[in-house]
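Read through the structures below before going on.
One chain, subunit A, links the two complexes that follow: it is found with subunit B in the first and with subunit C in the second.
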Partner chain A sequence: MPRHILWGSLRGVICVLVAVYMLIPLAIVVIISFSSAPFLTFPPPGFSMQWYRALRDPVWLQTLGTSATVMLPAAAAATALGLGAALALERPGFPAAPAIRALLMSPLIIPVIITGAAFYSVFKSIGLQGTVSGLILADTVLCVPYALATISASLQMVDPRMAKASASLGAKPMTTFRRVVLPSISSGVLSSFLFALVISFDELVVSLFVSGPEARPVTVQMWSNIRGDVDPTIAALATVLFTFALLMLLLEALFGRGEAKK
Partner chain B sequence: MTTLNSLNVSVSKVPLLSIADLRKTYGATTAIDNVSLDLHKGEFLTFLGPSGSGKTTVLMSIAGFVQPSSGSIVLSGKPLLPLAPHQRDIGMVFQSYALFPHMTVAQNVAYPLTVRKTPKAEIEKKVKRMLDLVGLPQHASRHPAQLSGGQQQRVALARAMVFEPRLLLMDEPLAALDRKLRAHMQIEIRRLHRELGVSIIYVTHDQEEALVMSDRIAVFNQGRIEQIGSPCDLYERPQTRFVADFIGESNFLDAIVRSKDKSSVRCTLSDGTTVAIRLTKKTNVGAALTIAVRPERVRLSEPGSSLQTENVLKATVTDVGYLGQSRKYVVKTSSGVEVVALEQLAALGQRTFRIGENVQISWGMEDGLEVQS
Partner chain C sequence: MMELKRSDWLGLPAILLLLGIFVLPVSLFMLKSVTDPVVGIQNFAQVTKDSLYAKVLWNTVLISGTTTLITLVIGYPVAYTMAHASGRLRRLLIFVVLIPFWTSLLVRTFSWMILLQPKGVVNDILIGIGLIHQPAELIFNRTGLLIAMVQVQLPFLIFPLFSVMSKIDGAYVRASANLGASPITSFWRVYFPLSLPGVSTGAMLVFVTSLGYFVTPALLGGLRDMMIAQLIEEQVADVGTWGVPAALSVILLVGTALLFTIVKRPNARTR
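Right, the complex of A and B next:
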């Protein structure tokens, strides 16, 4: 067998194995969520929808509601901040651009547990600990790096001569931004918003520090449930969250930056 | 009297654009150095030069995307440099076209009118007229990505002209097109220039393009203008060695001035041959000068044949190239200087020469031009 075919098929096999390895835990969770048994066991002895019905429990509905009220403003704020920062940092000759970019990207590098502890002590002293506003602020900070990276990448794809052409045709800088730059990066902005939604919804470690009995996102509720009584409700909820994330990624693939050009 | 006279001249011939002593330095490097020129209304002026010669820097200074270090630019009597690019009312066509990909062809062309808040009916009328002019009336609702390179260039032209700018700048607009399409677009741009009477500054590094299209050409070299004049002027009367070499081809011969009279200068070449050129500059006896001779002015003949001109050199053919309508000879003179001769193949049965053959090369006194090295 020629070498390139051998290596080609070997690469294919490795890719499939990695994909299977990554997907199996997810698949097991989804299967368990339909289990008839009252505890986490695999394979399930039978099929039932009872754990999805259990999600109607006010604890879940309330925490899901909290997560939603946190993720929408957090994603919107992070996208707006990321857009502003990307516009400034992509400008040629912006002072200290690498340092500012590194600072804004730091939540990705600093261990989340440190970030969480830091938020806890600061929020505690100014009365934001355990409030929805605190959660929104914390998630915004965590989402900014993703927004900045995504929007920066789309801005770099915009030919700088577009803005020059627009100016030479008589458009004021604000008009150029609104009519030429923004439409060119709109898919990147949408991607960044969708990513931020998923990240905020999925966030656990920082939320553990910042949340309280009055403001408890669904991830924190899941965490405390797993430590206590473990039943397939968790699996059902995980399946719901997983479907939500999948939906966001699908939207991103359809309308986001992934789409080349019309 | 003199004052009145010069005033009269300046009133009747006031230039549309006037650049004076423009300089741009980036740290220690000088991009442009004391560039001065005038552009008259309706004129087609080309900036010609190799890349890095400063022609684009001057163009970008006029457009407002480069801030010159010193000097002034005046458009229609008003200083241009204090204005932001969008306030200058100057159209610009980019090499990459820079069409807006999310807008249709019609929206692209309408853009300069839309941002000027022109009434809708008027926009529609003007866009239609421009698209007719550039030959794309049926493509109005397409997106730029659906058009060929040549069509995109036409849209870019229409967009830059639809708002009737005081001046149109074009930065190597045809560089991305293939040879045939480029020749076609050159004619198109000339036609638009004639029909709309727009004043154009055109940047290119293609000397042929510059010769075909321009009313006047400014030849740039190392941040300075070497010479500015009509295409014919530059080709037939190049002032410097650079211009003689960049526009067309030239043979260069170093010579020492031996004597001069009212109309001619006699010089000797390095091998001792005497040649004569027309007296054009204040040349001193004993001074060194460079003579440029166009290849098509150099004649080849058999050794010993009598000729009417005094400019005759002995040489040996070192290369022959057949070019269809002409034959190109490379010969080496007895002093070792290579000379290129281009012979038109006008008549059948013309005498041809082979490699290694001894020949005479000759040219008329008018064909030798004194150029600055």
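Right, the complex of A and C next:
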């Protein structure tokens, strides 16, 4: 057999194995979350919704509630800030644009463990540690880079001649922004909001430092359970997190900029 | 003279937030490396002298390096297939790589805990096909950690590599074939060098992000696989000291920043 055919079929085999490697672990968690067994065994002996019913436990309801209370304002704030920053930075000739863009993207580059430790030390001294406000502030900072990148990308698609045309027809800058620019980037803004929701909901490392007994997101509670006694409740929660991300991605693909399809 | 427009002020809130609630806290924390408990470089001296810290630093580099290598070997053919496949197969492969990419790290690490435990699926299969007779130890050691880290990091290699590969002009490869090069030769002498910018960007991205990993080594690694982020967390949260974790953070950050500046201009070397 010629060697390039060998290489071709080897490539095919590797792709199939990688697909299995990437997807099967998640699939098994989802399947186990519907298990009737009291422990994490595969294949499950039978079907049951017991682990989803177990989520009605006050601990999970409360922490899920905290996550929701944190992610909505954090995602909204990050999107608003990212929109403002993108509008400023995308103007040709904006002073020091590369440096300011680097500043706004830095939470993505600096390892989260450092961000977490830094927030912990500062938030503690100003009374934000262990509060919902602290968590919102932390998640907002972490989501700004995603918002900026997503909205910047959609602004770059807007034809600058459209704004010029609207201005030359006598529209005030605010009217041009509201009637011309905003409608053409609205899908980018929506994408940014959806991505930020996922980032905030899934955030763990920084939350480990910033959270406290009064304000504990669901990921932090999962973390402490995983390190102790693991039961299929965690699989059910993992499925909830996974489904949430999948749902947001789907919404993004349908109504957003379609970044997820790329 | 710089001229500011009214719309430029829209950027101000984000800039102020990032300066006040990101740059300031991180800088203050870093500063503790030379001020806590007293002014001086004692924390860096301790980190470099103490064999425990040296070992953790070495582990971090070694685990990140191994992850990068394995990711590269597995990811290269996948990115190649993705870049040169028909629309449908390409979309399918992107989907396969993207779904885990958007799944929480905690969920993915947890899924490996289930799969790799002594009575887990992987051991069941290995015993089932008669490869081993007793459950292999796949968790709380280097093996389990690498299996999970490679999976988590694959998208960071595949996507940059894919974007470079899909821009490679097939005419070069065809030309070399017309000139009599065997497929193997034209791959190694023509295609592979053209894909190098993607290889270096992807590999560097995987390596740099691996350096700061916390969740995966904490849940899947053994005691001897401790990485720098775990040490920072332990020192801050459990021990309650600031000087040493700040020094470790400075080392991690400087390493990360240096490597990122190299990634920023990947084309400088190959062009």
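Worth a mention:
The definition used in the following text is that the second predicted complex is superposed on the first by the 241 of 262 C-alpha atoms of A that agree within 3 Å, B and C clash if a C-alpha of one lies under 4 Å from a C-alpha of the other, contacts with A are read in each partner's own complex, and residues count from 1 in each chain.
Going forward, contacts are C-beta pairs under 8 Å (C-beta built on N, C-alpha and C of every residue); 3 or more make two chains touch, one makes a residue touch a chain.
For clarity, every value in this text was computed on a predicted model and none was experimentally measured.
On the shared subunit subunit A, the superposed partners subunit B and subunit C are arranged side by side without overlap. When the shared chain is aligned, subunit B comes close enough to touch A:R161, but subunit C does not. In the overlay built on the shared chain, the residue A:A118 is in contact with subunit C alone; subunit B does not reach it. In the superposed model, A:F255 lies in contact with neither subunit B nor subunit C. By the document's definition of touching, of the two partners only subunit C reaches A:L246; subunit B does not. Taking subunit A as the reference, the larger set of touched residues comes from C, when subunit B and subunit C are compared. When the two structures are aligned on the shared chain, A:A171 is found in touch with subunit B, with no touch to subunit C.
In the superposition on chain A, A:P183 contacts subunit B only, with no contact to subunit C. In the overlay built on the shared chain, the residue A:I109 is in contact with subunit C alone; subunit B does not reach it.
When the two structures are aligned on their common chain, the gap between the nearest CA atoms of subunit B and subunit C comes to 13 Å.
On subunit A, the surface patch touched by subunit B in one complex and by subunit C in the other comprises residues 173, 261-262.
Residues 63-65, 84-86, 88-92, 94, 96, 98-102, 111-112, 115-116, 143, 145, 159-160, 163, 169 of subunit B are the ones touching subunit A in the complex. For subunit A in complex with subunit C, the residues that touch the partner chain are 2-4, 7, 10-12, 14-15, 18-19, 21-26, 28-29, 32, 40-42, 80-85, 87-89, 91, 93-95, 100, 103-104, 106-107, 109-123, 137-138, 140-141, 144, 148, 173, 177, 198, 201-202, 204-205, 208-209, 219, 222-223, 226-227, 230, 234-235, 238, 241-242, 245-246, 249, 260-262.
Residue ranges on subunit A touching subunit B, taken from their complex, read 159, 161-162, 164-173, 175-176, 179-180, 183-184, 261-262. Those residues of subunit C lying in contact with subunit A across their complex are 2-15, 17-19, 21-26, 28-30, 32, 74, 77-78, 80-81, 91, 93-94, 96-100, 102-108, 110-115, 117, 119-121, 124, 151, 154, 183-184, 211-212, 214-215, 219, 229, 232-233, 236-237, 242, 245-246, 249, 252-253, 256-257, 260.
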